[in-house]
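Across the two complexes that follow, chain A remains constant while its partner is chain B and subsequently chain C.
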Partner chain A sequence: MILKRLGVSVFVLLAVSLLVFVFTLLLPGDPAQAILGQQATPERLAALREQLQLNDPWYVRYLTWLGGLFVGNLGTSAATGGSVNALLASKVSASLVLMVIAAVIAIPVGLLLGTWSAMRQGRASDQALTGLSLVLAALPEFVIGVVLTTLLSTTVFRLLPSVTMAAPGTHVWDRPLQLVLPSLTLILVVVPYMIRMTRTTMIDVLDSGYVEMARLKGLPERQVVFKHALPHAVGPVAQVVAMQLAWLAGGIVVVEFLFRYPGLGQAMVDAVNTRDVQVVQALSMIIAAFYVVVNLIADVIGILANPKLRTESHS
Partner chain B sequence: MRKSEQRARAEGRASVVPRATVETAIAVEHLSLGVVDGGLILDDVGFRLRPGRILALVGESGSGKTTAALACMNHLRSGLELRGGTVELQEGASRFHRKAVDLLTLSEKQMRQLRGGTIAYVPQDPALSLNGSLRVGEQIAEVLRAHEFGRNARERDARVAEVLSEVGLPSDSAYRRRFPHQLSGGQQQRIGIAMAFACRPAVIILDEPTTGLDVATQDLVLKTIYQLTTKHDVAGLYITHDLAVVAQVANDVAVMLHGRIVEDGPAEQMLRHPQHAYTRSLLSAVPDMQGARDMGGGPAVSPLASVRAPWDDGRSAATHFTADNTTPCADTSDPGSAPSEQDAAAGEAPAPTARAVTRERGAGGVVVPGQEHEPVVRLRDLRMAYGQAVILDGINLELEAGQTTMLLGESGSGKTTLSRSVAGLNDDYTGDVLLDGEVLAPSTRRRSNEQRRRIQYVFQSPFSSLNPRRSIGDSLQVPLQLGGGMNRGQRRAAVADALDAVRLGRSYIDRRPGELSGGERQRAAVARALVNAPSVLVCDEITSALDVSVQASVIELLRELQHERGLAMLFVTHNIALARHISHKLAVLERGKLVDYGPTDTVLRNPRHAYTRSLLEHVPTLEEVG
Partner chain C sequence: MSAQDRTSHPPRQTRGTSAASDVVVAEDALAAGDGAGGGLGAATGSGDAGTAPDFDHSESRGDARPASFARRVLSQPVAKLGFVLTGIVLVLAVLGPFVVPAWTGHTPNSFAGKPFQGGVFGTDNLGRDVLSRFLAGGWRLLLYSALATVLGVGLGAVLGMLAAFRGGWLDALIMRCGDVLLAIPQLVFALLAVTVLGPQGWVLVLVIGVTHAPRVARVIRAATAGVVAEDYVLASQMYAVPQWKILTRDVVPNIMGPLMVEVGLRLTYSIGAVASLSFLGLGMQPPTPDWGLMINENRIALSLQPWGVILPVLAIAVLTVGTNLIADAVAGASAGRVASTGPRRSRRRAAEQAASNGAESPAGGTGSAGGTGRADGAGRSSSADAAGAADVGDTGEKRS
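The block that comes next holds the complex of A and B.
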């Protein structure tokens, strides 16, 4: 069963690569022109087109590009003329650091708060948390970012840097404090959904026959919740967590822009501005791959958490 | 564990051992419970559970019996509140309380010590109550751990194995490492029972533990329960709505109606000489294999000649659970006993020459079995398979006007597939379905309007077969609308007539399904099948979601409708006890094959196939009063 999911994932990625390639072809603008600028002579343009194999039929170019992807060669940047790999390496790692921090904090917090809220269903603390998470879920990420900046960086307290500084050759994580605001923003964006979904799922599960049975067996409440109820919530909650993590890969564009964080998002904005088709393609593929991998992990967790699916996959 | 605790427990155990001397384990008195800010669910309920005896709490869904049972564990489902009364655990019943104690005054923590250890619970539906993500052995072991049973893990392990073999399951470690979904329904229920008996409780509460099991498994589970409670001197509370089951396991009976206990007493007396009108009506609703009683107010279609209800003449029937009988129900369930027992379930069968024909009582329309009829529907060599799996294997069947054919089989036998093929809802079969000698297209979409009109189908669940957003009238006029040829007024009149015909009355026409009880909804569903005057009615398990007394009234309705309209009926069910009450012919389906087929009386008297015989052996009847 897991192998089947894996096969589907590969297929999805191939389909995405085709779509990305076709749509970037449709973009206005000529890569050769973009590289050489407006003053380029027709001869030089023609020569560069030949060099970039722009005259080949589209499917040949697609297959060449796809072949490059398989060996990890993302192509040549039209804007800088350098390798896309070199251009994106530092940005991808910078974004990845941000996302990992956000995920590592958000997932346990979301699960625990959601479970806690479900156990106190209907009480004041549950209602307060539910209301707060609804408000947070309703706010766009840039509003949360701006509020946090005002609160912690500029107007009220001046504790944290509001803008990321990364001189060439240094890493963003060399100054850990500047990671706080962007990751806090991301956490506040994704945690409310996780809380709400965990709470809803757990309320269903806590209402089930096997949880009532566990209580009637005289088991301590902690054991009832963590041993009998939580495993049943893991599958559905993993799906939501995956969706949120996948959202991080896209939503990070706005947050990075807000905090001038030199990551994927900024690279994307720059690439679109300069019509750097190769970089846009590469970034789209990276984000798509991230979506697919995260969802695949969620599916696998769902299968592993459910003995019924797990034992079927063996046979 | 600390030494002092160990000693306290040992002492506690010592005082628990002579349980048999304790007359009552739990005494419930003046118990009243209600919905928060709402009406009463339980009104002044009282009963006593005695060691080594089982009290059956009988009533219909909504009568409050599960609420009463859970109150014995001081467990109130959310939305309920206590209004008064006591649930007294008598002295000596638990190691935690030397003196008698009112459970309703205990804290949650104190209750936790008792739940599962001293007072154990067996749930109604093991599929919902066993945790799907834990291995079954662990689910038993954790009760032992929670109640500190045994000195160490090894002793607890041994107890898990012991209790598994007590309920008749394999106790090897491979079996204990299985997950619930890898067990059959009957095995799951026995895991539930093992879980309850694991800590050697003083009191065990069983909440309809055999609902949804086939008769053979039910028989086995009931036997297990009876043996364990007697052997270990456990006080049992058995909740059910099925009096036939009561006759098999219970020593005492309390009958509940609208949250009150209307009658109680020893089982023998209650089943033979019921005093309260409600108890009588419950008893008359139980289908019996002989077709002796007038279930639902009308005589059975194919009764066994010259037998009468046990309380009519006080004739003593075979008793299976007598005090000196150490192996209860051995005489009907031992697979190795003499072949003559094929008649066991039919009680003291009279000479086979006394045909049912001689017993045509009152209702002149009851069609005499054995008479020749023109088949309305004929199935010719119906076959169907999904790859290797054969669903239907060469079925030949005839449905005759004014006659009911019961299609009997367990889940997975192919009976629903067969009935759906007749109605054209399943078009993957090979072979022919003929209506008045004319071959029907497999799919209902390819059948003519007239052919569609003549075969109507009633679904199993009245809760999902009616659209909750539409009024009954709207739902019922759909078949007429599709048939065409009638204006709005005519359609409404026809719907009103159909509602009258199913004894609901035309006032139901503007109500919605949510306002109706289960039995009323099923009547409405029958009315929908009747609006365009079909000649064939296919009823797919239409009474299995209903209480016994509601089932009786629906059966009665079908008999009357058939009498009035001469319908040919295919009555699909897994309940063999209904056979004589509704069917002229009986067709027994096992794994897609008709293993027995003929007039109901003949099949029941001389079942040819071992499967039919095993069904007959295991069916619970009121004659087994213990």
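The block that comes next holds the complex of A and C.
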């Protein structure tokens, strides 16, 4: 079953690559012209077209591009003429740092608050938390980011840097303070969903027969919650966590742009502005691949956390 | 969320696939909302006296329900707050453009003074009046979001209903295509389209609408699957009523609950998406007065003259929170959890009962793959998903 799930993931990724590639065909104008500019001689244009394989039929170009993806060659940037790999290499780690920080803080916070909220169902603290998460869930990420900047960086308190400084050759994490606002924004965007899902799942589990049984046996509430209830909530919650992590991959676009954070998202916006299709394609594929992998992991966790499905996979 | 396995697996596996929450959400919302499944409706009603009178059993007409449904939505304080918040911003954005030169003394694009000066709300980065631009800058965002929502929900609903109604290869094709689209985050897909087609209004509407469609289709497909097995649909089919007529007369009125939830949610996310794109400088283009764009233009002087950022941020925040509250209230009303205490428990019991009833209670028993003869354990796990998902359906799958 896990293998089948894996096959589906590969199929989806291939289809995504086709979809992403089709967009280049829609592009008006000539990439070679875009790289060389208006003053290019026809000979040079022809040479570059040959070099970029623009004369080949679309399926040959697709297969070449796809083959390149497999060996880690993301193509040539139309804006700079350089390789996309070199352009993105340093940014991948910067974005990963941000996402890992956000995930490492958001997941436990979301699960704990959700569980806590479920245990206090109907009380004032639960209702306040539910209301707050409903409000936060509605806000676009840049709104949260701007509000945080206003509160913590510029207008009310001036505690944290609102833009990221990274001189060439240095890493963003050399100055940890500048990571605070971007990751805090991501956390605040992601956590409400985790709280809500954990809360509803836990409320449901706490209402079930086996929890009632455990309580009737006289087990302490802590043991009931963490030993009997929580494992049953893992499957559905893993789905939401995965969704949120996958969302982080897209959400970094806005957040990195807002805080001028030199990561993949910023690179994406820059590439869109210069209409650098190769880079946008490569980034879309990276993000889609991340999404598919995270979802795959969540489904595997879901299978492993559910005894029924787990045993089925052996039969 | 990827739901690659959904169509090909028997229902007891849905929990392992990521589709579980979506699939069952609508099922649950639908079942509790119109009380179609005998055991389910009765159980929900008995558990929650407040909503019991609303479960009339004449829902195939669909004429008595809208009023009571609207009342059920409005009976929640959350909904009232949502409508007030949305209304305020709506009035501002719609009437704003008409009062601009007269009230504020400046047109949105005329220069009122030096950049980032004081005043009521001061001037922006080019010295234009912030208040004028703010008042004139909302309607496009609203229009584009509304159009994208209509397109997305319309397309998604049609595809979802077709998938559930026809089944077979068409179902598989529609849902698989949706899965592929879902693998690219909405914003990333929009950026891809903007790169190629340019930042024009129709591109924004089209791309956001299209990316909504698979998410809507998934929910509507599950909702329709619960209705299609109903006796009145079977009866219509027996009388050889044309398919489009069955869909519009029998199916649509019975999936109104999930459909309205989708409208509210997709509107919230459309507003966020359009505003985000403008904020990135890839939506509305200067010198158009637009809230998202204003934030982008004026954020460099946030410490000097914050109003150019704060006003639009506030408006977008109030608007999205308002629409989300409405969507939440609609979800609550259609899932039968109107009162703040009690119904959750009863709803779960109801779902459980319906699931164990199996074939007799169509709304609860028929999963996406027609779950007759479901084991009790499977029913239980799916009802757990259902109750959890009823809440998350409205929020959880935003970021899919």
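The rule we apply is simple: the second predicted complex is superposed on the first by the 315 of 315 C-alpha atoms of A that agree within 3 Å, B and C clash if a C-alpha of one lies under 4 Å from a C-alpha of the other, contacts with A are read in each partner's own complex, and residues count from 1 in each chain.
As a working rule, contacts are C-beta pairs under 8 Å (C-beta built on N, C-alpha and C of every residue); 3 or more make two chains touch, one makes a residue touch a chain.
Note that the structure is predicted; figures quoted are calculated from it, not measured.
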First (chain B), second (chain C), both or neither touched by A:P236: second
Which superposed partner A:V280 touches (first chain B, second chain C, both, neither): second
Which superposed partner A:R44 touches (first chain B, second chain C, both, neither): neither
Touched partner set for A:S208, first chain B, second chain C, both or neither: both
First, second, both or neither for A:R5, with chain B first and chain C second: second
Partner contacting more residues of chain A (chain B vs chain C): C
Which superposed partner A:K308 touches (first chain B, second chain C, both, neither): both
Which of chain B and chain C A:Q223 touches, first, second, both or neither: first
First (chain B), second (chain C), both or neither touched by A:V292: second
Touched partner set for A:E141, first chain B, second chain C, both or neither: second
Shared chain A surface residues [contacts with chain B and with chain C]: 208, 232, 306, 308
Contact set on chain B toward chain A in their complex: 70, 73, 75, 111-117, 120-121, 123, 125, 128-134, 142-143, 146-147, 179, 181-182, 195
Touch list for chain C against partner chain A, complex: 1-2, 4-5, 12-13, 15-18, 20-21, 176, 179-181, 183-189, 191-197, 268, 271-273, 275-276, 279-282, 295, 299, 302-303, 306, 309-310, 313, 316-317, 320-321, 323-325, 328, 340-341, 344-345, 348, 377-378, 380-381, 384-385, 387-392, 395-400
Complex contact set, residues of chain A against chain B: 208-210, 212-220, 223, 227-228, 231-232, 305-308, 311
Interfacial residue positions of chain A with respect to chain C in the complex: 1, 4-5, 8-9, 11-13, 15-16, 19-20, 23-24, 26-27, 121-122, 127, 134-135, 137-143, 146-147, 149-150, 154-155, 158, 162, 190, 192-193, 196-197, 199-201, 203-205, 207-208, 232, 235-236, 239-240, 242-244, 246-247, 249-251, 253-254, 257-258, 268-269, 271-273, 275-277, 280-281, 283-284, 287-288, 291-292, 295-296, 298-299, 302-303, 306, 308-309, 312
